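Structures are listed in the sections that come next.
Shared between the two complexes below is subunit A, which pairs with subunit B and subunit C, respectively.
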Partner chain A sequence: MQTFDLEAQGLRALNSTLHAQADTTNQTQWKIVNPKGSHAIAVGLDAPIEVNIKGSTGYYCAGMNKQATVHVHGSVGPGTAENMMSGMVVVEGDASQYAGATGHGGTLIIKGNASSRCGISMKGIDIIVHGNIGHMSAFMAQSGNLVVCGDAGEALGDSLYEAKLFVRGSVKSLGADCIEKEMRPEHVTLLEELLERGGCNAKASEFKRYGSARQLYNFNIDNAY
Partner chain B sequence: MCGIVGLFLKDTALEPQLGDMLTDMLITMTDRGPDSAGIAIYGDETTGNAKLTVQSNTPETSFDKLDNDLRKRIKGKVSMSVKDTHAVLSLQADQVAIARDVLAEIRPDVRIMSHGSTLEIYKEVGLPKDVADRFDIRQMSGTHGIGHTRMATESAVTTMGAHPFNTGIDQCLVHNGSLSNHNSLRRKLRRLGVHIATENDTEVGAAYLTWKMQTGSTLGEALTSSLDDLDGFFTFVVGTKDGFGVVRDPIACKPAVMAETDQYVAFGSEYRALVNLPGIEGAKVWEPEPATVYFWSHNAAPTAQEKAA
Partner chain C sequence: MKDEQKGAPRTMPIQSATFSNPVNAEIRRAAATGIYDIRGGGAKRKLPHFDDLLFLGASMSRYPLEGYRERCDTNVTLGTRFAKNPIKLDIPVTIAGMSFGALSGGAKEALGRGATMAGTSTTTGDGGMTEEERGHSNKLVYQYLPSRYGMNPDDLRRCDAIEIVVGQGAKPGGGGMLLGQKISDRVAEMRNLPKGIDQRSACRHPDWTGPDDLEIKILELREITNWEKPIYIKVGGARPYFDTTLAVKAGADVVVLDGMQGGTAATQDVFIEHVGQPILACIREAVRALQDLDMHREVQLVVSGGIRTGADVAKAMALGADAVAIGTAALIALGDNDPKWEAEYNALGTTAGAYDDWHEGQDPAGITTQDPELMKRFDPIEGGRRLNNYLKVMTLEAQTIARACGKNHLHNLEPEDLCALTLEAAAMAKIPLAGTDWYPGKPGTAY
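Coming up: the complex of A and B.
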């Protein structure tokens, strides 16, 4: 286990040290202490390492992640795991706005609540939230899965493409072109796997599925002002 | 971008450290707003007295014998304490209106930053650290306070464009965001006789709240109607004599983090601003909901809609 004191050693030293870890590194376990809400912690990682952050982080933690597992033992600021490609990011606390935005792959697990715009423009990432999510989540989400064990805020899935949204609790309102869809056996199977991956204490049968009505895909003169 | 910090103390033992704690929080927010900074502190109250915090770009001449000159004209008690470009004038509460008129006549270059019984506002152009040093904010005690670091987007970097803005007696406003309908709203308010000095968007927001309250709204009602009447992005923090309030626009893209312990309620644009507060590890930390008015007051538990602010 390598321990890094962010307050003493600084952000640039941390990220360059983590970037220097190759596929074959033997230093696979990292612990970061004193994050103190700093920005851009553990961004751009590309190695099969596990990074444990002991405390809360600021903007853009674990952005652009590839391969690595980043585990935040606290809450995270805006833009966490933004544009993730692969690997896993686990947040023990809450996440601020646009968590997992534009993510192409990998898994983001938020054990508390996520704020507004969670999974905005997601492109293949799986996002599993144990609590609630805020307004405008999954706006223009293209692919991947968003699982919410709690409630969803206003305008869920506005202008949605082909991402699949599963919500156990209430949905305050659905965004344009987002509708409730039938839970077929393949969706139950997919959701069961996601719930297990996310460590959620919930049954797939308790969820509803939401997706695109596909009415905004092509230009429609009736939608013009 | 801009940075906001706020600290409302429940534990009176922390009151002597209010200025010190707020200064640390303010300096942490420097990279959200390095061009100007300001702080509103709610300190001691003397019954029957009012405080006018005034500012001048030429304090050596403007503040020279200002207390004497004012005393002669209003024929009442006046005392003055000068801090750099600001001075706090203490006078009888019932003489504030005449003092304002006299000030405009005898010191036309002196600008009034705030009026209140406990509120003092200090703000200037410059790095937050330097602004806090100039006014010796660290040494100030009080029950609660609000700070702002500014990165100007809508108007010039000037003292009068810095925050907080005084909206009424013992009330102030700070803003992170930008209002997009401030020109039309300024014209409307000016037609109604409201005085607005600058081209700054937040001053219009402050004038709007003042006008709403002068025409019968409580602060809570004024903030609620601001959600309909103000266009643009905002996280507002308002200071009142008893506490502070928070409201975010419905889109809520301007950040806000709150923390509460048995000792305090704290506000920060980012969690970073809160990390050195005592007991933060065990604090309840959350983001205020969009389009929801929050108040914390020494008079009551948190309420979504305080009616008598």
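Coming up: the complex of A and C.
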């Protein structure tokens, strides 16, 4: 286990050290202490390493992650795991706005609550939230899966494309073109796998599925030269 | 009619300036269809522009350089503030961001070829980076847009600069739409959306909401890319003084300022013609912001929107820009709107020079399309050659003017080299009206 004191050694040294880890590194276990809410911790990683952050972080923790597992033993600021490509990010506490925004792949697990715009414009990422999510979550979500074990705020899935949304609790309101959809067997199977991956104590049968009505997919855009 | 009125002169029919024929035609079109017009091509109304400025040239008080002989440099370095690897260009004319999807792969390749031959940079666009443009662009700027279509850390690391797009001149405050007919299998895959559906580009970024957030976003991008890449911030011509100030505050290496003539983005006609400012009105305000922050030349200013000639380049630089970017002009150089396709433009209900429905994918020139048959018409090697020629001519023209003003580098052009032909241009560019030493709003004057 490699230990990195962020307060003492600084952000630039941390990220450049983690970026230097190749696919074949044997330094696969990292512990970061004294994060103290710093921004851009462990961003742009691209190696099969596990990074444990002992405390809470600021903006964009684990942004654009590839391959790595980043485990935050605290809460995270806005934009955690934004544009993640692969790997896994686990947040023991709560997540601020835009968690998993535009993520292309990988898994984001939030064991507390997530604030507004969770999964905004997601493009393939799987996001599993043990608690509640805030308003405008999954706005323009393109693909991937969002699982919410608690409640969802206003305008869930507004202008949704092909992402699948599963919510166990209440939904305050659905956004434009987002509708409740039938939970078919393949969705139950998918959700069971996601719940297991996320370590959720919930049954797939307790969830409702939401998706796009596909009424906004083609706009009658032009009648002029 | 009474007998005494017969043969008397009659009131001549007068076309209303307010309800002109084009206005009335648009009212009838709207009434018939119930939908607004979307188009590209930038603002088509007559606007105060670089044509309203003139260079004074050398005279008794200025010493010119010999036209074809004496040295007049054109190089520019962008991104000197924070980036480890600033971009060094041979000429100050760059290629603006235009997406793969909006443009064919061949057109993107041609832009890369032409820009590389001329020693300048090209820019990606909404939709991600293609191998055609990376492979053929010696210097490639990677746009970081609200949609984040195709955004990934590998391409961030293999670009030469990152341009965070906050706004475009054609539509400051607006998003975009790529119509389904242009969403081929390849475009769909790059954007992670189903084939054939319209793809919206959001008007604001998904994970930051203001300049304070943007400062942290820039920190993240710099950390991911090892602080190597210059970070540009592109804004539409809205509030250039404040937008430039905030971009610098957020940590930009380069500010890209796009006036309302910026034409390659498709949006509502009403948006194009009624939102934003002409680039002429924006440059001096942006320069003032940089000067107030003691950042002029430290943070470079790239301006765009209606740049057509070497004279436009020279005037923009005399007003304080470090470089310019071209979009529409580059497409025309490649062969867009060429009269040789007139019959086909007619079939689309338009004419060469007026074709602006680039978003619909039916471009007879094969440039703004994903149609395989139309794309065959465009030769990227020939397109690159034409673009290089055009960029060379623009540069030579700008040098000619600079030498006549006694300047051995385009960057040495200055506002004192100019006069304005109209009051509007004088006021916007803060350049004295021709024949006077005055412009509206000049400090120390009553008006």
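Definition applied: the second predicted complex is superposed on the first by the 219 of 225 C-alpha atoms of A that agree within 3 Å, B and C clash if a C-alpha of one lies under 4 Å from a C-alpha of the other, contacts with A are read in each partner's own complex, and residues count from 1 in each chain.
Here is the rule we go by: a residue touches a chain if its C-beta (ideal position, glycine included) is under 8 Å from a C-beta of that chain, and two chains touch if they have at least 3 such contacts.
Predicted, not measured: the structure shown is a model, and the values here were computed from it.
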Worksheet item: According to the contact criterion defined above, which of subunit B and subunit C contacts more residues of subunit A?
Response: C
Discussion item. I'd like to know which partner A:K36 touches here: subunit B for first, subunit C for second, both or neither.
Written reply: first
Worksheet item: Between subunit B (first) and subunit C (second), which does A:P78 come into contact with in this model arrangement: first, second, both, or neither?
Response: both
Item to complete: Would you sort A:S56 into first (subunit B), second (subunit C), both or neither based on which partner it touches?
Response: first
Worksheet item: For subunit A, which residues belong to both interfaces, subunit B and subunit C?
Response: 39, 58-59, 78, 97
Response to the item:
subunit A partner, complex, touching residues on subunit C are 26, 29, 32-33, 35, 37-39, 147-148, 151-153, 156, 177, 179-180, 191-194, 197-198, 200, 202, 206-208, 213, 216-217, 219-220, 223-227, 269, 348-350, 357, 359-360
Practice prompt. In the complex, go through subunit A and note every residue touching subunit C.
Written response: 11-12, 15-16, 19, 39-40, 43-44, 46, 58-60, 63-64, 66, 78-79, 82-83, 85, 97-98, 101-102, 104, 117, 120-121, 123-124, 139-140, 142-143, 159, 161-162, 217-225
Worksheet item: Which residues of subunit B touch subunit A in their complex?
Response: 250, 252-253, 255, 257, 270-275, 285-287, 290
Worksheet item: Which subunit A residues qualify as touching subunit B in the complex?
Response: 36-39, 56, 58-59, 75, 77-78, 93-94, 96-97, 115-116, 134-135
